[in-house]
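The two complexes that follow have chain A in common; it is paired with chain B in the first and with chain C in the second.
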Partner chain A sequence: MKNFSYYRPATVEQAVSLLENRFGNTELLGGGTDLHDLQKEYVSQPARVVSLGGIAQLQTVQVAEKSVTIGAGRTLASISEHPQLRQLFPALATAAGEIAGPQLRNMATLGGNLCQRNRCWYFRDEHSNCLLKSGSTCFALDGENKYHSVFTQGSRCVAVTPSTIGPVLIALGASVEVQNAAGKRLVEIGRFFKAPNANGEREHALASNDVVVAVQIPVQGLTNAHYEVRQKLSSDWPIVQAAVSFQGGRNGEKATDVKIVLGQVAPVPHVAQAAMRAIENQSITEQTAAAAGQAATQGAKPLSQNAYKLKLIEVAVKRALLLASGARPYWLA
Partner chain B sequence: MSKKLHVQTTINGKETELLCEARQSLLEVLRDDLRLTGAKEGCNNGNCGACNLMLDGRLVNSCLVMAPEIDGRKIETIEGMASAQGLHPLQQKFLEHAALQCGICTPGFILAAKAMLAKNPTPSEGDVRHWHAGNLCRCTGYDKIIRAVLDAAPACAGKCS
Partner chain C sequence: MPWPQQRRLLGTKVQRLDGADKSTGRAKYSYDINRPRQCHARILRCPHAHARIKSIDTTVAERTPGFKSIHMVAKPGDELYFAGAELLGIAADTEEHAEDALRAIRVEYEPLPHHVKEAEALRSKGSTVGGGAEAANVTPAGDYSTDNFEQNAYRDAAAVHEAEYGVAIISHQCLETHGLVAQWDEKQENLTVWASTQAVPNTAQQLAQYFKIPATRVKCITHYMGGGFGSKFGPDIQGQIAAELAKKAAQPVKLMLDRAEEVTVGGMRPSAYGKVKIAANKEGLIQAFEVDCYGSPGVGRGATVNFNLLPYVYVNVPHIKRKHQAVRLNLQTARAMRAPGHPQNCLLTEQAIDDLAAKLNVNPIQMRLRNLPPNDQDAIKNAPTTYLALRHTIYTQQIDLVRKMSDWDRKWHPPGQGNGPIKTGLGIALHTWGGSGRGPNPTKITIGADGSVLCQSSTQDLGTAQRTVAAIIVAEILGLDPKDIMVEVGESQHGPSTPSGGSTTCPGTSPAILKAAENARDAFFAAIAPRMNVEVADLEIAPGHVVNKKANQRIPWRQACARLGMNPVQATGDWPTNAQLQQNKELRDLWTTRLSNQGVGGVQIAEVRVDTETGVVRCTNVWAVQDVGLVVNKLGCESQAAGGVVMGVNYALYEECIYDKNSGRLVNPDMEFYKLAGIRDMPQIHVHMMDMPERGVIGIGEPPTISTAAAVGNAIFNAIGVRVPFAPFTPERVLAALARPQGGAR
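Take a look at the complex of A and B:
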C-alpha cells in the first residue's frame, strides 16, 4: 500500500481545514472498513488521510421530542443496539444490525456507510480501468452484471448504491448535517446520493471539502420497516433491499403517506412511486402488499444477467410492508 | 514521504510504545513489529475474522484498523487470554471439543466468542452461529466450534467481559 500522511483533528473545523477541493488526494477516515480495503487494492491511493476518530462531537446521539440526531461517527453496532432508536426507527436499527458481521459493525460508522464507494467488481479491481477511474467504458454493461442495477436511471455507471442505511433514511425523511469552511448546512437525504459517472466523482452529491457531521431524523410516529434479500443469513451484501414507512397501517388500519424505497437495484436509492400509489390508503394484507411489490418493478430495465432481481423486488417490498404492519413473518419457520 | 508515527497503547494490560508507518494495519504492527503472532492474516480485507481482537472492549478486524488509530486505546489479543491459573474456559473447551484442525482461524473464533459472551452470557445455538458469521473456518465445518462455545458459556459467566 502507498504510504500517506495521517492527520487526527480534534474538531470538525480542523478536519474541514485539512480537506482539498478535489477528491482523491485527501480522504476522510471513519471506521476504515472501506477506505483501508480500497487502499490495499490500490483503487484509492490518497497522499493524506484525515481521521475523524478523534472528534467527540461525531459520537453523540440526541433524542428530542421532534427529531433525533445521530453523530456521523457512531458505529453501526451502536445504532443497532440503541434502545430508543430501535423503538422509534426499527427500520434503521434492523438495517444497521444486518450489515456485514459483528466486527465490521463495531468499526463501520454511519457517515462512512453513507459515503462508502460502490462494490462493483470492475471498480474494485485494480486492473480494470472503468468509467469511474480514467476509462471510458462501464464494463458491467456488457460484462458480469448479475449484482448491478435494474433501474439504470440513465446512468453510464450501473453499479448499485452500496448503502443500506440510505434507503431507510429516505423512507424516514431524514436530513444530513454537512459542514464545510462556510459553515453548516442541512442536505435533504433524498438529494444526498448521486450516481458517479466519471473519474473523480463519488456516490454522493457532497463536495470533497464537506464533512458529514450527523443525520437528523424527524420523529413523526411513522410505522417503518426494512427487509433485505441476501444469499446468506448474515455477513453478506443484500441483493435487493426495501425500506418502507407510513402513518397508521397496523392492525388492519389504512396506511397513508406511504414511502417505499429500494436499495441495491439502482445507482442511487430508488423511490418506488408506483408501489407507493398502489398501497396508499389501503390496509396492509398479503394481497395489497403483493400488489405493491409488483408495482415496484415498474419501469425496470434489467441488464443481461439480473432480471431475477425483479422477483426479489416484489418479495422485498411485500415482506417489508408486512413486517411494518405487525404481521407475523410467515417466511420464518 | 511521511515520518514514522509515535503510538502509545495498552496491549493485554501492558503499556506499549511503538513507531509505525501510517500505512501499516494494526495486524501488521502486532505480527511484524511486536511479534504477537496470535492474530492471523487470512483475507486481509475484513471477511474472514482470523485477525480478530478487542479494541477498547469491542471486537474488530485488526487488518482494517490503521495502526496510528490505536494511540491511547486498549488492545486485547489471544496472547492475553490464558492466565497463570491456566487456559481461559473458551480455550479449554475448544481443546476438549477438538474445535480446531489447522488452527489458523482459532484465535479469531475465540476472541469473537469472548466478545459475544460478554454481551450475551446465555446464547442459543442460533445466536452463536449468527454472531460468528464474520469468522471463516475451512476445516471443521463449524459444528465443533459452535458446540465448544455453547459448552464454554456457563464457565465463562462473569469471566468474559
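Take a look at the complex of A and C:
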C-alpha cells in the first residue's frame, strides 16, 4: 500500500480542519476494516489518513427520553452488546451483532459502517477500471452478478449498499449528526445514502470534509426487527436483509406506521413501499407477512444471475415481520 | 522387527507435542521467518487471461525508494496464458516499497482471446491456451467401454436414472501462503531457504538444479508448515524468483504470496461435470454405469480428474462406458489436491447411486450393501492384509458402525419427506485411497548419557503431528514417554525423505523410525552390556527402565544411560532399497504388508438441515468411519479425519473459484466471497478409527475428505427430495433445484 501520513486529532474540529474538499487524497479512518483493505488493494491511495480513534466525544452513547444518540466511534461490538440499545432497538443490536465476525466487530465503527465503500468484486479489483474509477463500464452487468442489485433504481453502478446498519436506521427513523467547518447539522438517514456513479462519488451524500459524529434515533416505542438471509454464520455477508418497524403489531394487534427497508438488493437501502402498504393496518400473521413479502419484490428487475434474490426478499420480509410481531420463529424449528 | 504385539503407546491418544508451541506462536512458520537485512519481494503478474507482451519498461521502478533487485521471467513477445502469470519479481527494503515499485513498471499487452468457463470452451474451436494451429482447448482424454456395452448394459434394467452432476473449480486456500525466505552466504555459494513445502529435500534439490550448483549447497528448512494439500512440492517459480532476487541484492529476500495470489496461482482442484446414466436390475444390483464427462485442468496439459476411477468404489459393475474430455482454460494449472480426482469421482458416482436407489425405492444403505465390491480372490491368497482382499469386509463393518453412530435406522426417511419449510436429511457415501509409504526415510536416533533421546530426519510436518508420530514410536521401543523424545524434522541436511503427497508420510516414515529405534536400542544395549558385565541378551526394556534379567534388576533409564560414559549412542534406520524389496519376498511382505500397507476404505454419513424457503443448507453432523491399518496416534488420526471432513463440508457447500468471463480474472481471490466455513458453520464431527494393527501403518491424510461432499449432496437430496446437481450447493442452486425438480442451474 502507498505510504501515507497519519493524523490522530483529539477533537472533531481538528479532524475537520485536516480534511480536503474532494475525496481521495485525505481519508477519515474509523476502525480501518474497510479503508485499510482498500489501501492494500490499491483501490484507495490516500496520502493522508485522519484517524477518529483519539476523539473521546465519538465514543459516547446517550439515552434520553425522546432519543438515543450513539457516537460514530462506537464499535459494532459495543453497540450489539449495549443493554439499552438491545432493549429499545433489537433490530439495531442484532444487525450489528451479525456483521462478519468478532474480530471485525471489535474494530469496526458505526461511522465507518455507514460510510464504507461497496463490496462489488469488480470495484475492489485493482485491475478492473469500472465506472467508479476512471472507466465507463459497470462490469457486473454482463459479468458475475449474483450478489448485485435487483432494484437498480436507475443507477449505472449495480453494486449493493453494503451497510446492514443503514436499512435498520431508516426503519427506525434515525438522523445522522454531521459536522464540518460550518458547524453541525442533522441529515435524515433516508437522505444519507446515495448511489455512486462515477469516480470521486461515494455511497453516501456527505461531502469529503464532513465527519459523521453520531447517529440519533428517536425513541417512539416502535416494534422493530431485522432478518438476514446468510449462507454462513461466520464472517459472511447477508444475501438479502429486511429491517422492519411499526407501532403495535404484537399479539394480534394491528401494525401501523409500518416501515420495511431492504438491504443488499439495491445501490441504496430500498424502502419497500408496496410491502409497507400491504401490511399497514393489518395484524401480522404468516399470511399477511407473506403477502407483504411478495409485495416487496414489486418493481424488481433482476440481473442475469440474481433472480433468486426475489425469493429471498419475500422470505426476509416475512420473517422480519414475524420476528417483530413476537411470533415464534418457525424457521429455527 | 514387526510392530510390538503389546502396545503401550501405539494406538493410544497422545496430544501433539508441539501443540503449545503452535497455539502460542512459538512455532515459527516460514511466514514468520525474518532474517537480518532481509528485503521483501513481490511479483508482477499479468492482469489478462491471455495476452502477448509488447513491451516492459522497468526504468522508473528501478529508481523507486527502497528498490533492491529485479528478476525477469518473461520478455516482450512472450504469450501469457492466464491472469496471474508471472512477468518478473522485484525486491525492495519493505513490502510496501516492493508493491509500489511493481506499480511503477509499465507493460504493454496485446490482449488475446481467452476462455475461463468450461461451457464456453466446449462450444469453441481452436486454442486459447497455446500449442499451435491444430491445438484446441477441448481434447479427448480417453474413452472406455466394456465389451458389447450397447447390447448388454440396459437389458435387465428395472430402473434407469440419467442426470448431470458436477462440481466447480476450487482453490487449495492454504492458510500459510506459498513462498519462502532465501538467503545466500557471503560468498554467494550456499543457499538457505525457509520454505513452506511438503517436500523439504526436494525443494532444496530443485533449487540446486535450477541454479546448477551441487545439491549440498542448498539447505531447506521447514520446521512448521501451514497447509499444502498437494500444492507445495517444490520452490515453484516464486521460490526461484526469491532466490534470484536474494542473489542479486546480496541480501536475504522474503517472498510469500498474498491471499489474492494464493487463490489465483497457489493451486486449484479441477472441476468435474458429467452426464451419468446408471441402471440396476430388480435386485438392486447396478448393471450399467455410463458417463460422459469433462473437467478443467486449467491451462496445464496434465490430467484433469482421473475419470478412470468411475464408477468410484463400486468397481464390480459389469457394464461400464466412459467418455471424457479435458477442457483447458486460461487459468492456473491444476495441482494435486487432497486425494486428487477422488472427491469428484465420488460425487459423480455416489449421488447417481442415491438417485437410482430412490427410483428403486431402496434405502441408500441397502443399495450400498448390495453393490459393495467383493473381496478379491487373488488378493486373499497373495496379499491377505490389503484393501483388495478385505474391502467387502471392511465396508460392511464400517457401514454397520456408521449406521449405528448416526442412528440412521431411526432418522432416515424417504427423500423429501417431512413437514414444514425446514427439512432434514441424511446421506451416505464411500471412499477409498492408497496411502502406502516407501523409503528412503532415513531416521537417526541418538541416546545420550544423560538419558536424552534425539530423533532426526528431514521429513516434514504438514500439520499432521509428525513429531508426535515419531516420538510415540521411539518411546514405545525405548520404554519412555513421548515427551522424553526430542524430535527434529524439516531440515534437508538430515538426508533424503519422501515428499508428503498421497498420504504417504506416516506409512513411509513409521517403519523407518521403528527400525531406527530398534537399532538404537540394540546399539545402546551393546554399549552398556560389557560395562554391566552382562550379555546383550540379558537386557530388555521395561517402561522407564532397563531390565537386567540375569540379576533380576530394574535400572531406571537415566541411570542405565549414565553407563554410556562419554559417548552417546547413534543409530539409523531406513527402508530396504526398492531393489531389495523387489528381490526379496520376505522382506517385501514384512515392510509392505505388515509394517506398512496400502489401501483403505471409509464411509461417511452427513446430516443436513435445509431451509427450503431460502435455500440455505447447514451441515449439522458428520459421522466418519475410517480404516487406517495400525493406528499410531489415535488422536492425530481422528484430527486428520475431522480436518478432512471440514474440507469436505466446504467443498460441498461453500467453495468455488468464480471467474469473470469477460476479463478472465478471478472475482473472488479472497476469503470473503470465496466462502469458507467458520467455526459456527461447522457440523459436529464424529470420527471412528478402525484399528487393524496386523495390517501395518497406512496413510489417511487424504481419504477422510473424499466422501464428505457426496454424503452432503445425498443428505440434501434426502431432505428435499430433489437433486441439486452442481456443487457447491449454494442457496441459489438449491432454490433453482426446488423450483425446477427436473434439473437445476449451474
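Definition applied: the second predicted complex is superposed on the first by the 333 of 333 C-alpha atoms of A that agree within 3 Å, B and C clash if a C-alpha of one lies under 4 Å from a C-alpha of the other, contacts with A are read in each partner's own complex, and residues count from 1 in each chain.
FYI, a contact is a pair of C-beta atoms (placed from the backbone, for glycine too) under 8 Å apart; a residue touches a chain by one contact, two chains touch by 3 or more.
Everything numeric in this text was worked out from a predicted model, so none of it was measured.
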Open item on the list: For A:His36 in the superposed arrangement: first (chain B), second (chain C), both or neither?
Closed with: first
- [ ] Please work out whether A:Ala77 is in contact with chain B alone, chain C alone, both, or neither, and reply first, second, both or neither.
- [x] first
Open item on the list: Between chain B and chain C, whom does A:Lys311 touch in the aligned arrangement: first, second, both, or neither?
Closed with: second
Open item on the list: Quick one: is A:Leu104 in contact with chain B, with chain C, with both, or with neither? Answer first, second, both or neither.
Closed with: first
Open item on the list: A:Met1 in the overlay: touching chain B, chain C, both, or neither? Say first, second, both or neither.
Closed with: both
Open item on the list: Just to be sure I read the superposition right, which of the two partners does A:Arg328 touch: chain B = first, chain C = second, or both, or neither?
Closed with: neither
Open item on the list: With both complexes overlaid on chain A, does A:Ser234 touch chain B (first), chain C (second), both or neither?
Closed with: both
TODO: Classify the contacts of A:Ser51 with the two partner chains as first (chain B alone), second (chain C alone), both, or neither.
DONE: first
Task: chain A residues contacted in one complex by chain B, in the other by chain C - done: 1-3, 101, 232-235
TODO: Report the residues of chain A in contact with chain C in the complex, numbered from low to high.
DONE: 1-3, 42, 101, 119, 121-122, 125, 127-128, 139, 142-144, 146-147, 229-237, 239, 305-306, 308, 311-312, 315, 330-331, 333
Task: Sites on chain C touched by chain A in the complex - done: 47, 96, 99-100, 103, 420-422, 611, 613-616, 653-654, 658, 660-663, 665, 667-668, 671-673, 675, 677-681, 730-732, 735-736
Open item on the list: List the residues on chain A that touch chain B in their complex, please.
Closed with: 1-6, 8, 29, 31-33, 36-37, 39-40, 49, 51, 53, 75, 77, 100-104, 106-107, 232-235
Open item on the list: Help me check something: in the complex, which residues belonging to chain B touch chain A?
Closed with: 1-2, 5, 21-23, 25, 44-46, 49, 52, 58-61, 63-66, 68-69, 71, 112, 115-116, 130-135
